[in-house]
Amino acid sequence: MNIAFIGLGSMGKPMASNLLAAGQSLQVWNRNPLPAEELAALGARVCTTPRQAAAGADVVITMLVDDNATRAVLFDAGVLEAMTPGSVHVNMATISVALADELTGVHQARGLGYVAAPVLGRVDVAAAGKLNILAAGAAERVARIQPLLDIMGQKTWYYGEQPSQANAVKLAVNFCIGSAIETMAEGAALSRAHGVAAADFIELITTTLFAAPAYVGYGKLIAEEKYEFSGFKLALGLKDIRLALAAGESKNVPLPFASSMRDSLLEAVAHGDGDKEWAALARVAARRAGLE
Amino acid sequence: MNIAFIGLGSMGKPMASNLLAAGQSLQVWNRNPLPAEELAALGARVCTTPRQAAAGADVVITMLVDDNATRAVLFDAGVLEAMTPGSVHVNMATISVALADELTGVHQARGLGYVAAPVLGRVDVAAAGKLNILAAGAAERVARIQPLLDIMGQKTWYYGEQPSQANAVKLAVNFCIGSAIETMAEGAALSRAHGVAAADFIELITTTLFAAPAYVGYGKLIAEEKYEFSGFKLALGLKDIRLALAAGESKNVPLPFASSMRDSLLEAVAHGDGDKEWAALARVAARRAGLE
Amino acid sequence: MNIAFIGLGSMGKPMASNLLAAGQSLQVWNRNPLPAEELAALGARVCTTPRQAAAGADVVITMLVDDNATRAVLFDAGVLEAMTPGSVHVNMATISVALADELTGVHQARGLGYVAAPVLGRVDVAAAGKLNILAAGAAERVARIQPLLDIMGQKTWYYGEQPSQANAVKLAVNFCIGSAIETMAEGAALSRAHGVAAADFIELITTTLFAAPAYVGYGKLIAEEKYEFSGFKLALGLKDIRLALAAGESKNVPLPFASSMRDSLLEAVAHGDGDKEWAALARVAARRAGLE
Amino acid sequence: MNIAFIGLGSMGKPMASNLLAAGQSLQVWNRNPLPAEELAALGARVCTTPRQAAAGADVVITMLVDDNATRAVLFDAGVLEAMTPGSVHVNMATISVALADELTGVHQARGLGYVAAPVLGRVDVAAAGKLNILAAGAAERVARIQPLLDIMGQKTWYYGEQPSQANAVKLAVNFCIGSAIETMAEGAALSRAHGVAAADFIELITTTLFAAPAYVGYGKLIAEEKYEFSGFKLALGLKDIRLALAAGESKNVPLPFASSMRDSLLEAVAHGDGDKEWAALARVAARRAGLE
């Protein structure tokens, strides 16, 4: 099976590495050529354009940063044109439901398969091949690429025939993460206002009722007020909440927590924290209460 | 040490049982006499009035349902009058910060000690003596009753000299629980609107990023749409969110998630779900999206 | 008809003056004696206690600042005890629905009449006898005091037999005022962020679609950023929004705008603007957008 | 001066009629040819394509329903290509700030002038030539077309050199309208829950503090529960709130009332009221309170 892997960012590179390590044959492309060259050492064939990478591939995997980057590669850079009829495009990025639906139609019109397979897990999880993969698309297509997904992830969750269903679930999960951050932010502000350190409140909840990765990870940053970028930028969180709101809007689903969070994230960006950690949302709650 | 235990509801009874089982001497009172009689079999001395239970006790523990019940027992039923100067009142209920502050002053004026010690954990946790106890009050007073807390709980978290600090933290935790429910409610509505069953979404998050008791427990109810009362009434959740908002208001802390949740809880009550499980909040999100 | 007028603040004094000017016989009391002495010059009999003022009166009018002041005068200072059975208490203050309902019961039990008659209009309107009076209570009682209301106001709006109905409407109106302020605050922030002065935006709306007193008055303050106290304190606005939320809560009415506004008002207080004009709410919207 | 008028909907037709009645020479186009034919009787030259209408015109006025319709006419239908360098495009529709900024650049690159001139006023106001026109763009260009604006409107408000500034203000005004509707909706729900008819509450405010067109007009619909389409569809209101939120987002301006309203509007659409009057928002507040 010839595989193209396009997009070797912090997530894409370890995912592609795992495929290579498992003996798969990869043609790779990345805007910045450095990560591609590193993969060459592992046996990847480095291409100079996305189109070249996609040409002749049975499976084209893309892992690009957002809707715009995905559009640029697929349409402007000619990946769709280069793909062979009958081949499958596996889009593992977090994109909008609207783009997923659009791409579903575009692929179908060209005789190409389209599978959405966004992932849960950060860079270290990707490196360990332990991602949770949310897949949707024609069942037989997902089955065909399942061996590849099994190399990159610990489990594949199948969400239906319509590819955008996986994107909707992914956005719902990211909404949950943002909501957990805002919840800790408000709870910490309430505690602090009553003379209890944020760290003491966070320790309580993250070792009892909320002893789960999302709370433990972001809670630690809030407790230690470590808001310099270390993993997930607040501005990207805002992007995901915006996509969740759009996914809701397309089906008339009010999401009051997401709406409230969007306002708080905008306030964070307005105060210069867009490039800090998503957990910097806690500064908004504190500032509103006059605690900064 | 003579101990009075007042309030033998679903939480109070197993807590008092554990004290008795550990060899403590208890005078007990409950509005409904049945639970008190059950404890008599374990060696408790059953009193016919709260005043009688409090008389002569070194430590008076109260575990009453809300502010009003607490006021009724302390003031109207004469517990404060009956208490011996130098004795300590340990209030383990979830009450308002305002009442905690008021009681702190009232006890001080009477030469009585006041310790706030609200708990985390449901009935089964109380029965197992595994509660997390949030304590605040004069450090030496908390130290004096620590052996009792160690019988009822697995861990005591100390939050400062001002008793209401423990109440503030307890309310912040309950706010987090409500927030988790609303988050799952919105996420499930978003998923359902895109054709993914609520149960499939809930299973994903509660086995990965949100694999923690609060999400697992309430998530299961939402996934199975089991909203008949089984543990914690929605109307009680509304009461706690109201107290969290009041605790915020007293220190000028805006809590936008709590405000939003309060409106959703009122809507649930307006639609007849006040006596159902707190998780019935998910019906509000679904109804708003036209999914019911 | 013997009339007692209790509470001669910025609103009460001109209202009582108008009654005196119309030839009514008044016994007056105020906590601060100065305004009472001024009314003595117009023929009022100044009393040294609220009880003395109420004794023997056919109609007792109270115009006190809030629930607490009203309770203090009625219960602690003995006004209810002093009132003659068959006499009527006309409460013209903005109080809670809950207190109105409580007072309705208390008066009935004592054989006293209770009419709620809160007013719309500021000091100058009161001085001109042009208030809009929102009345509720037994129809024949309202009819009996109608001549007095006609002296103080330009129109009486009757809202039903239950006195608290007038209070609910009054709180709904004050909610509308706060909502207009928040609306202008957000609209002005949006305009400013796009390079249009707040004053230019405010002028547009207040001379066209929103050419009404509430917008014109508060809009002018926002346009000129005149937030020093000149008429209605932000903290009082917060009190009224709190009462509106409570009035909603008692009937399970979600009020999302009121909830949102409460958070903004708390933020204003947290930043030191509680004693400024209600219009200072606009500073919150601006600060959130990084415009200050 | 040769004028092209493209878009003869409910607003565009009376605006174009007024230009014709004032002796201006117009080339017109409309997707549905009927309104164009009516204007032929008044002297308009009817064109069969937008491109034909724009060719040779000194001023091209467009009044199209939304961003998509505007794009379709300008780009796909060749209006921009057909316009003569040095001519001016006056866009009087309510479009997004983002599209206004994009069009500003596109026109500049082609040597065309671009003026934004969205309007306040409904069909009857347009027919009377009494619109309020919000204009922005190069001052000399606005001055050049001022005689045309004076025919269509009673007043032109100038908001700066950047055309999108007028769009931002227009969206801020429509946000105010929506906010007034939601405010009355909540106030009416609160009143009704306390036994006061919505009509009685609406009459009070719309004849006193809120005696302005926006409240009087929409208040009447709420009071009479007349929600069948008669002037402005709820779905269009949702579109405008979405554009206001986007205008805020582009400058990091949180708009909590707009966010809250968006959720309520989505709920209305989810319950089948998208094609009803914007005032049908009041049904949402009532339903949430269990009043329907």
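Letters are used for the chains, namely A, B, C and D, taken in the order the chains are written, and counting of residues starts over at 1 for each.
The rule is short, and it goes like this: a residue touches a chain if its C-beta (ideal position, glycine included) is under 8 Å from a C-beta of that chain, and two chains touch if they have at least 3 such contacts.
Since this is a predicted model, take the numbers as computed values, not measurements.
Farthest from subunit B, judged by the mean position of CA atoms in each chain, is D. Seen as a C-alpha superposition, subunit B sits on subunit D after a turn of 180°, to the nearest 5. Inter-chain spacing, taken between the CA centroids of subunit B and subunit D, is 53 Å. Annotation: 38 Å between the Cα-based centres of subunit A and subunit B. In subunit C, the residues touching two or more other chains are 248, 252-256, 260, 263-264, 266-267, 270, 288-290. Those residues of subunit B lying in contact with subunit A across their complex are 97, 120, 132, 134, 157, 159-160, 162, 164-165, 168-169, 171-173, 175-177, 179-180, 182-184, 186-191, 193-196, 200-201, 204-205, 208-215, 244, 247-248, 251-258, 260, 263-264, 285, 288-290. Considering their complex, residues 242, 248-249, 252-256, 259-260, 262-264, 266-267, 269-270 of subunit D touch subunit A. Interface residues of subunit D facing subunit B in the complex, by the touch rule stated above, are 256, 263, 266-267, 270-272, 288-290.
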